[in-house]
Amino acid sequence: MYNLAGMKKFTIIIHCNDQQGIIAASTSFILENQGNITYVDQHVDHEHGVFFMRLECDFESSSFSSSDFSKLFEKSVAKTFNMNWEVFDTESIPKMALFVSKYDHCLYDILGRFKSGELKVEIPFIASNHKDLEKIAERFEIPFYHVPISDETRKEAELQHLKLLKAHDIDFVVLARYMQIIPQGLIDAYPSKIINIHHSFLPAFVGAKPYHSAFERGVKIIGATSHYVTTELDAGPIIEQDVTRVSHTHSIKDLISKGRDLEKIVLSTAIKHHIQRKVMVYNNKTVIFS
Amino acid sequence: MYNLAGMKKFTIIIHCNDQQGIIAASTSFILENQGNITYVDQHVDHEHGVFFMRLECDFESSSFSSSDFSKLFEKSVAKTFNMNWEVFDTESIPKMALFVSKYDHCLYDILGRFKSGELKVEIPFIASNHKDLEKIAERFEIPFYHVPISDETRKEAELQHLKLLKAHDIDFVVLARYMQIIPQGLIDAYPSKIINIHHSFLPAFVGAKPYHSAFERGVKIIGATSHYVTTELDAGPIIEQDVTRVSHTHSIKDLISKGRDLEKIVLSTAIKHHIQRKVMVYNNKTVIFS
Amino acid sequence: MYNLAGMKKFTIIIHCNDQQGIIAASTSFILENQGNITYVDQHVDHEHGVFFMRLECDFESSSFSSSDFSKLFEKSVAKTFNMNWEVFDTESIPKMALFVSKYDHCLYDILGRFKSGELKVEIPFIASNHKDLEKIAERFEIPFYHVPISDETRKEAELQHLKLLKAHDIDFVVLARYMQIIPQGLIDAYPSKIINIHHSFLPAFVGAKPYHSAFERGVKIIGATSHYVTTELDAGPIIEQDVTRVSHTHSIKDLISKGRDLEKIVLSTAIKHHIQRKVMVYNNKTVIFS
Amino acid sequence: MYNLAGMKKFTIIIHCNDQQGIIAASTSFILENQGNITYVDQHVDHEHGVFFMRLECDFESSSFSSSDFSKLFEKSVAKTFNMNWEVFDTESIPKMALFVSKYDHCLYDILGRFKSGELKVEIPFIASNHKDLEKIAERFEIPFYHVPISDETRKEAELQHLKLLKAHDIDFVVLARYMQIIPQGLIDAYPSKIINIHHSFLPAFVGAKPYHSAFERGVKIIGATSHYVTTELDAGPIIEQDVTRVSHTHSIKDLISKGRDLEKIVLSTAIKHHIQRKVMVYNNKTVIFS
């Protein structure tokens, strides 16, 4: 009964200082504008006194745009509570760029999900510092850009990346086992919009070769972590983690092999949360709405 | 900053037909009565068009009782939307009766959690159709009633149970591996208030000896299920389930042993959900608010 | 130090009545023939008095073939204990046929793993009763056969399948969400060699539309099960199962979506066990060696 | 059919340099001495060239003691391969001391399992640096020793602990949330025989207040780790780990509460592995036989 043609669906995410009346004001605003709330979830960080809310709502008038909503809500509600907030056209499809190196498992997984219709995105291009995976891009009919990176070309590569991202109007970037450090310029241009997959249960085993370190330490469980890229290596806000049991019978090679499934699932789950605007970043942590 | 002395905390759970304006009306009501909403979660069953909501709120006036709230909310909001709803004094401690037979692991687990302060309940008594666990009740200083059950005494036992429950003003009953069928009279007196633990992943392996059936079928995972007792055996609304891996190396005895941990955790999780008024029952299913 | 060129590696799987001396006789045989045991695992079904063993061993002489081993072992050891046993050239690559219908997620997953080198198989062909996934087969350069099935063509299709399997010298068949009942003729030709994925936690929700049934029952966990196909529907020996948590917030569509990841992982895990000859079938159950 | 009265059951654990013929020699020895092997599992650390094996066997003669076995096996087999090995009378009951401080959840859990017959140990005493849990010891009728620890009494407490452990002929010690550093003297007296539970997924969050650190980092999964105590804090060989999901909705208090169940299960699992002589320690890691 929701989803009729001509209906406008918005997703609104809000954070601000915790105050009385925010929920009532926001939901009343939607009601008064002939909207119907189909989802509300909120969270209060009591330690820091911060309020978070995510709303989904429908408006019957097809002429009521997200920018109309934006102006009205800002004036009537957001200003009063000094909100940081965003509104999204729920049904708009974001544009995602993929950065890869030589490992293909996450790439195959993402492209399979994309072709199956599971990931509601556009993928305007795949970029890589190696040519190894070009064939896969061709197989799935996605443009592939080879952007080699060496100490000499590092700055040039960054500019080329920025140019590609602009040219294709990219909303967010996914590092599908991309084995290069992201330069500050890219992080600044895409804050909380570059999603990485790290092959350990962070904060254990930061940096290179985490499966080797896990093997050395003799852990009984290994993990994978997807996070937004920030300046400090593997220290950005965690979006999703998962783990699997291992034992003394597993060699490093086995850990790597078992870890591939974790990496694929954790990364694709993080991508889905991001696409559905379920993630809010605050104090280097995430709120992931249900 | 919440939780000050003299402050009243209420938990409100609501379900009704899905309609526009429910959230706005409910939250505005609280605001207008000088309340502060500290938690809201809602759910819509789109298939059946049913709306569910759980609210927590604080009122500063210590003289504002839950029955004051009840009258005002019924008149101002609930009536309009034809709500089924309840309000609880958040800090009131419910009274829980324990029914057991011969297995002691769930009983030890619940009593340990109770003594640790993890389960915010009173336990006025333990009833059993056997005397085996009387010593444990003594150890934890809880009154123990032996209510033997045979074909001849079944009806008498039911009456004795009902009398005990009334006399101790019991809010809900937990069957901690109680090995008797609950008669209709008890179910009717405590609808959605008798919590059972079944030692399988329902609906697989209904009835007696589920670990034997699981072994026979060669499953690779076993489970436990906590549900409210209804007339049909092991078919009531599921509150919580959990599972653990098994393999060909596990004998039936091993399954029983591994299952004990599942039963303990699943049952105590269900009890906690119930105590915190997080469970709503609808169409023989549960909504478990976060 | 193992794995040198010219070295022969064998995998041996054995089952027989449990008797004294089986392990000693088998391991001594290998030693006496200048072999080195690199892996041994055994299991005893005490209820039925059956012994199971899996051995891996190396022989330095490149001229010592698996059929040489076979003759010697049969005469010296297997006969004495009346063993059912098989020897495999550990490094031989089995041939796997894929049967699909319209769902593509398991197919993408298997082909991605295959191309990544994770699944050590040959895939001589993909067969389907629909043409929908032909494009994917092309994308991965694997021959695709369209074998339509209707009430009239059912018998003809069976013969065509058998012919294809023979012609390509297929070792085992994987039903990657193939939506047709496998006829008795195929089951008989490939006993314990047709691997299915069922989208529920068997034995719960046998048959069609298990996600709908799971939703209706209000379970808090859903699962997937991979098993060998036998005559009785969804009742064959279970190779692997896995589960994931769900809640009242998940619609049937959400269950289907979450279930896809389970199906992929469970099926590919079962395929890996089969490829590595880690599975023994007995009494409609499996022994899965580590 | 095993387990007859008068039958002797031994558990043998072995490690040595990986060499040809170990399995054959060991199993043949048992056979030649009229023994029956009921369990064998082995593991090879290929990186370091180390072989591990665990055997269970029955001997019909009730007069064949573990020290008879020991002498014969040492001479006939162990010496040849330069084995480090031990034999245990499978049915002997080890003596376990419990060290606690103020937290009671692990203590309740262990004592409940002990009284249920799940943990096959004797518990000669509980020692604590505080008096808080004395009442629980009384409840379960176990002697309680209060050994206060301060900077002045530290050395004296160590001597008192050593004296208690000797006097009660203790086989191993379990630190059930004991909040004191174990001194070197105790570690040396009980190498790989002091089991600790740390309330994080090691190596993440070593040291004090791991739940606070986990909250601060915004992890989506928390864990618990049981390990043998070594000189370096929280860095000993890991016996068991487990994890559970958390989210932004969980406060530090919630993490502590959810963590309690992990701690209980992980610690009791580690204790069971140890009791059943399934753990071998090597290179600061463990081999845990199935």
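In this document, chain identifiers A, B, C and D correspond to the written order of the chains, with residue numbering beginning at 1 in each.
Keep this in mind: a contact is a pair of C-beta atoms (placed from the backbone, for glycine too) under 8 Å apart; a residue touches a chain by one contact, two chains touch by 3 or more.
Since we're looking at a predicted model, the values are computed, not measured.
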| item | value |
| --- | --- |
| Of A-D and A-B, pair with higher C-beta contact tally | A-D |
| Superposing rotation of subunit B relative to subunit C, computed on C-alpha atoms, to nearest 5° | 180 |
| Remotest chain, subunit B as reference, centres from CA atoms | C |
| For subunit A paired with subunit D, centre-to-centre distance based on mean C-alpha positions, whole Å | 42 |
| Inter-centroid spacing, subunit B versus subunit A (mean Cα positions, whole Å) | 37 |
| Subunit C: positions in contact with at least two other chains | 46, 249, 290 |
| Chain-level touch network, classified as line, ring, star, complete or other | complete |
| Interfacial residue positions of subunit C with respect to subunit D in the complex | 1-2, 20-21, 23-24, 27-28, 30-31, 36-42, 44, 46, 49, 290 |
| Residues of subunit B that touch subunit D when the two form their complex | 104-105, 108-109, 111-113, 115-116, 118, 136, 139-140, 249, 257, 260-261, 265, 290 |
| Partner subunit B, residues of subunit C touching it in the complex | 43, 45-47, 201-205, 217-221, 223, 237-243, 247-249, 251, 283-288 |
